[in-house]
Amino acid sequence: MSATNQTTAAVEVSPVGQATPVPAEAAFTGPRRRSGAWLTQLLGNRKAAFGGLILLAFAAVAIFAPALAPYDPTEFVGRPHRPPSSEFRLGTTGSGQDMLSQLIYGTRISLGAGVIVGVATTVIGALVGLAAGYFRGRVDDFLSLLTNVMLIIPGLPLLVVLAAFLPAGFWTTVMVLIVAGWAWPARVLRSQTLSLREKDFVSSALVSGEGSWRIMLREILPNMMSIVAAGMFGAIIYAIGAQAALEFLGLGNPSAISWGTILYWAGNNAGLLVGAWWTFVPAGLCIALVAFAFALVNYAIDEITNPRLRSQRETNLALRRHRRQLGVSRATPVLRSAGQHRAAGD
Amino acid sequence: MATPSSRLRESEHNYPAEPLLRVRDLHVHYLTPRGPVRAVDGVSFDISRGEVLGLAGESGCGKSTVAQALLRILQPPAVITGGEVHFGDRDILEMSDDELARFRWKDVSMVFQSAMNALNPVITVGEQIEDVIIAHGAMGKLEARQRAADLLDIVGIERNRLDAYPHQLSGGMRQRAVIAIALALNPPLMIMDEPTTALDVVVQKEIMSQIDELKRQLGFSILFITHDLSLLVEISTRIAIMYAGQIVELASARDIFERPLHPYTQGLMSSFPSLTGQTEALTGIPGAPPNLLQPPSGCRFHPRCQHCKPIFTKIVPPLVEVERDHWVACHLYTDVGVRA
Amino acid sequence: MNFILRRLGFYLVAAWASLTLNFFLPRFMPGDPATALFARMQGRIQAEQIQTMREAYGVSDDPLWQQYGAYLVNIFRGDFGVSISYFPTAVFDVVRSGFVWTIVLVGVSLVLSVLIGNILGVMGAWKRNGFVDSVLPPLLMFVGSFPFFFLASVALFFLSFEWGWFPLRHAYTDGLAPAWSWEFIRSVLYHLVLPAATSIVVAIGGWMLGMRNTMISTLAEDYVTMAEAKGLSQRRVMFNYAARNALLPNLTAFGMALGFVISGNLLVEIVFAYPGLGYQLLTAVNNLDYPLMQGLFLMITFAVLAANLVVDLLYVRLDPRVRAG
């Protein structure tokens, strides 16, 4: 990774921890339908590539789990709390299952739930945000109120109450996470829609008599795809973390195998207090790694689509050569050498 | 490059005293990955005591960059890459942070373009005057408050608005408040960077006559920066015209208005309606200012100039004194041009 | 004033929404709510507990709106029902005892993480390319990717269990009676270090980045340039001009992030067996104590709303522009 900042220009963090980069509006001054350019650039970005590689690896693990796992993850194959060895690469759980196999199979549920929730919350959020920002007035008042109420209610207690009253299971968790998670994308996309609504291409579409939903989906949405994508990755991070939290609390399906339930059983079987670090460290690392990978991709998106961040990066790049002379003073630097350099090169 | 500065030095005796500010061959670059943008490229001028020097040019010609470079408040990627800026016997470009902190505002203050943006929205106007007085150790808290009230008085704001926040003032009042802050330490030189651009015409007139009045009373010098030449008619002693990071013409206000020599200045003159009431055709200047990442070779104005000859695209015209106190950087007045 | 009234109205709507959700959730469960709940709690609760539950979840013949009205009145009087796991203690009293500890933990970790994070953010933006700005953001973002409870577990394992530097559980040494004595306070602080530190470490990156980013745009404002031109001290420019303004948008974000921070702290409490609301939430989940769960949900929501109101008041104090509008 380069020496430049890996940070977003305007990160907002939602109540449930979804961090979404919010590019400055100036990103959208270009002509319409140039919206795909950022995707091509994304492929060439090192951070995005690194994050994408991690994610591809996890996806492959999820898909080929049966081929990769040395044991049946539910089978009791050894004595409980065995440390890592050549037989059990990551040791055994508190009840004697193979940790590595559990981790591999757990990828399926954890990633699966994350992606489903991420996509669903983004779709709902986009529809709500588009409608609120496009129709404005009463529609916006109502949808914004709904969104803000959902946002201010603290996430975890809400998730707990929702999950507790429903039969435990994969789809319950997914549904509950969607109910609690759609508001953040809605808020972000609403404000984007509001500003795109003022652009010329929307006005001309309006004048030419296109229908409202057509304008929203064909004119406005494609122009904020980078934010939609960033929002979705943020939502996936949220979903994986929140799902793990719910399962850790015992509100998941304890017999399903996921990273969250691994942590739940590690806690329940006091894996921690008998020194069996291998029962909880790998699963936590996996969660963190996936979250970090998505976050990296998000930084990259922001770096590409946010003009302020891009110019800052370019400044740093141009100044790197003179870094030592610049010092820490905030007065305009006097770099006579930089001028002479150019003069010689002219 | 050395020509204009050495020639300028010769003419110093034309002014009653040692100039207050002496800028020589100032270079400011914006460093970008694609190379430096030469925003200010070898600018030289003097400002004497009590003088008003107008600095005019299209937006993007580097005039504001000059202003901010003088106080060294430009932030990277802008860096000063050469030249000297003497205030009295000190070179601003050689000052340490502490020296700069003492120099700023005490010796040279500045009126920013948009008062709305130049005032801190969360601090009262009074406090924004007081803090600069206190920071420079001029007075204690109580005295500073007294002085702040007096300053508001001077610029025509009621004293009791001391505790008003910027958003509670009208546009014109805000600009007056900014002027009051600039006056706080009674500096010998004030830089005014488009001080009236954001205002409507009536308020603009009021502010301009206020500035004129204050100058008469307090006798400070002004570097007045604007894209609107008509503002300079009454107030300025001399006018410098900037194009693409360089001064292309420098003369008394009267000469600039009556006998502009540089084709660019002539173009600027015809870009606004004559104040004397004569109706002239507004011709303007065709084309757009050049990209300073790769400025045109030779005379920078050549792509837009109707008098351009092939040789002008190769040789840089020096700023020379073609008439008494009338400086022009144009081949039409050099040997190169004569031969062509 | 208008601003505060508008916000107050919004919080009332939010409070009403959570109350209503709370009321209808058990009643709209798939199938017959009471039966389903009792089936799940089979063998775990006694007859009188079942009776309380029946009343709480409206297995009565009154029309729904009458039950709803009675429910709102009860809540208004502080009657959140009776806890199953702490039977027959009222939910309100159970929650009240945990509240203190959560306030202590959330208060300390929030104040410290916000303070440190914001100061780091201010410094990072101020000194371009300095250590703070080039090393910390990616590092803190990586740390921030870990789930709260996971980092807490790791800290507990190494710092308490393996190396014995910190206590393993609870908020103060067993057998010590709560009192305003030095011994007790020291014990409380000692038990607080690890839970607070983990939640600070996870949260700090978000605060820092938020502040840094708004600082960078604030530093480009004319009023900061003018403050520098005025020759003011670096401290004054940095804090009174730049940070003071950069703080405002972050304050709004702060109110919103509060719910997230509290959620994270609840999980940290569970790991450290810290006797706050989070630990009670776990107890409630484990014992299928629905009234307690719902009471916790409501109380935490109300606390977040109240905290947001405080933030709004602070905002009004810091931004003269909203005072007028």
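Worth pointing out:
Note that the chains take the letters A, B and C in the order they are written out, and that residue 1 is the start of every chain.
The rule is short, and it goes like this: a contact is a pair of C-beta atoms (placed from the backbone, for glycine too) under 8 Å apart; a residue touches a chain by one contact, two chains touch by 3 or more.
In this text, all values refer to a predicted model and were calculated from it rather than measured experimentally.
The chain pair with more C-beta contacts between its two chains, of B-C and A-B, is B-C.
The innermost chain, defined by the distance from its C-alpha mean to the mean of all protein C-alpha atoms, is A. Mean C-alpha position of chain A lies 22 Å from that of chain C.
The geometric centre of chain B is 54 Å away from that of chain C, both derived from CA atoms.
Computed centre separation for the pair chain A/chain B is 49 angstrom, with centres defined by C-alpha atoms. Within chain B, residues 68, 73, 75-76, 100 each touch two or more of the remaining chains. Residue positions 319, 326, 330 of chain A are each in touch with at least two other chains. The set of chain C residues touching two or more other chains comprises 128, 228.
By the touch criterion given at the top, residues 314-315, 317-319, 322, 326, 329-336, 338-340, 342 of chain A touch chain B in their complex. Those residues of chain A lying in contact with chain C across their complex are 1, 3, 5-17, 19, 145, 148-149, 151-158, 160-162, 164-167, 237, 241, 244-245, 248-251, 263, 266-267, 272-273, 275, 277, 280-281, 283-284, 287-289, 291-292, 295, 308, 312, 316, 319, 323, 326, 328, 330.
Considering their complex, residues 68, 71, 73, 75-76, 100-106, 109-110, 112-114, 117-123, 131-132, 135-136, 165, 167-168, 181 of chain B touch chain C.
Touching chain A in their complex are the following residues of chain C: 10-11, 13-14, 17-18, 21-22, 25-26, 29-30, 126-130, 133-134, 137-138, 141-142, 145-151, 153-154, 156-157, 161-162, 168, 206, 209-210, 212-214, 216-217, 228, 234, 253, 255-260, 262-264, 266-267, 270-271, 281-282, 285-286, 288, 290, 293-294, 296-297, 300-301, 304-305, 308. On chain C, the positions that touch chain B within their shared complex are 128, 219-223, 225-233, 236, 240-241, 244-245, 248, 318-321, 324.
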